[in-house]
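For reference, chains read A, B, C and D in written order, and residue numbers begin at 1 within each chain.
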């Protein structure tokens, strides 16, 4: 929404938190591929997939909170009428 | 549930379908990491995360169907009473 | 799927369990209407709506388990090939 | 969050929209009870439950948007630090 922002959107702490979780999810997805190659039981594969999805959900939660605290807050303060459609869109993406 | 199964659980076609989608999701997760490093807008990051989650959901769907057609069907035919708890557990994992 | 079934699909116990929860959800929905009429805070309304949705989710869970134990089991035992599409459809409805 | 608010939280239009959908959901829940009493097939019951859940989801969506446009906007403008926990809580309730 704003090209001229100079402050970083993500703090160092949030950035590292997200990247750590994303790397863990990547590792879990490589694990799922191996499990399928090795013909491991479906329920084990589903459990591992579910763990990766939880990790991504945590990342989405952090990014969504960041969006609320930064972009959405700025837009609400300057009374940008588009912010509510954008917010609903972000929440919809998060909840699917 | 069965250690002595000789037939593969996943057909070649399903295996390849899943692995292709998992590799795509892995690529999307690497993309999300770059986007966060580059301080890209939260909504773009959420969109990319949502795409990766959809890819994983598709994989879960294929594995769940495979589970129903193979493991659950075998267990139901031999009247294994544990199959229903297992099925509900699989469905619960899928739906979260 | 079967018109000639003579046994009841739902046991007395499951039937009563579902109906009790459905009546509770109905009461919660009347409560939500009053809350909106009284201009009560959005978060209170969302909390009440969320309680009603949880009640319905519990009912769906009982019906889904009943479906697995009865209809799906019968269909799998008589090797009805349509059962897997039907199962995936039921699971999809449950998970949304 | 604010007890002294004089403007109504819900416009007449949104109020009527929500109440119409809630009454429809109530009717669907009475329908589900009859279907279970009549021992109707599980898949039909799940379909009807799913319709009621969609109706409630639509109501939650309207209330959530109302929350964002009114309560959350006020709180963000007066820099209430509690608003972000409240927002995440509202979104979490919506997405479950």
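The rule is simple: contacts are C-beta pairs under 8 Å (C-beta built on N, C-alpha and C of every residue); 3 or more make two chains touch, one makes a residue touch a chain.
Not measured: the values here are computed from a predicted model.
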Option reproducing the contacts of C-D, where over half of them reappear, out of A-B, B-C or A-D: A-B
Of B-C and A-B, pair with higher C-beta contact tally: A-B
Inter-chain centre distance, chain A versus chain C - centres from mean C-alpha coordinates, in Å: 31
Rounded Å distance between chain B and chain C, as computed from the means of their C-alpha atoms: 25
Rounded Å distance between chain A and chain B, as computed from the means of their C-alpha atoms: 18
Residues of chain D touching at least two other chains: 64, 94
Contact graph of the chains (line, ring, star, complete, other): ring
Pairs of chains satisfying the touch condition: A-B, A-D, B-C, C-D
Residue ranges of chain D in contact with chain A within the complex: 61, 64-65, 68-69, 72-73, 76-77, 84, 87-88, 91, 94-95
Contact set on chain A toward chain B in their complex: 1, 8-10, 15, 18-19, 22-23, 25-26, 29-30, 32-33, 36-37, 39-43, 45-47, 49-50, 52-54, 56-57, 59-60, 63-64, 66-67, 70-71, 86, 89-90, 93-94, 96
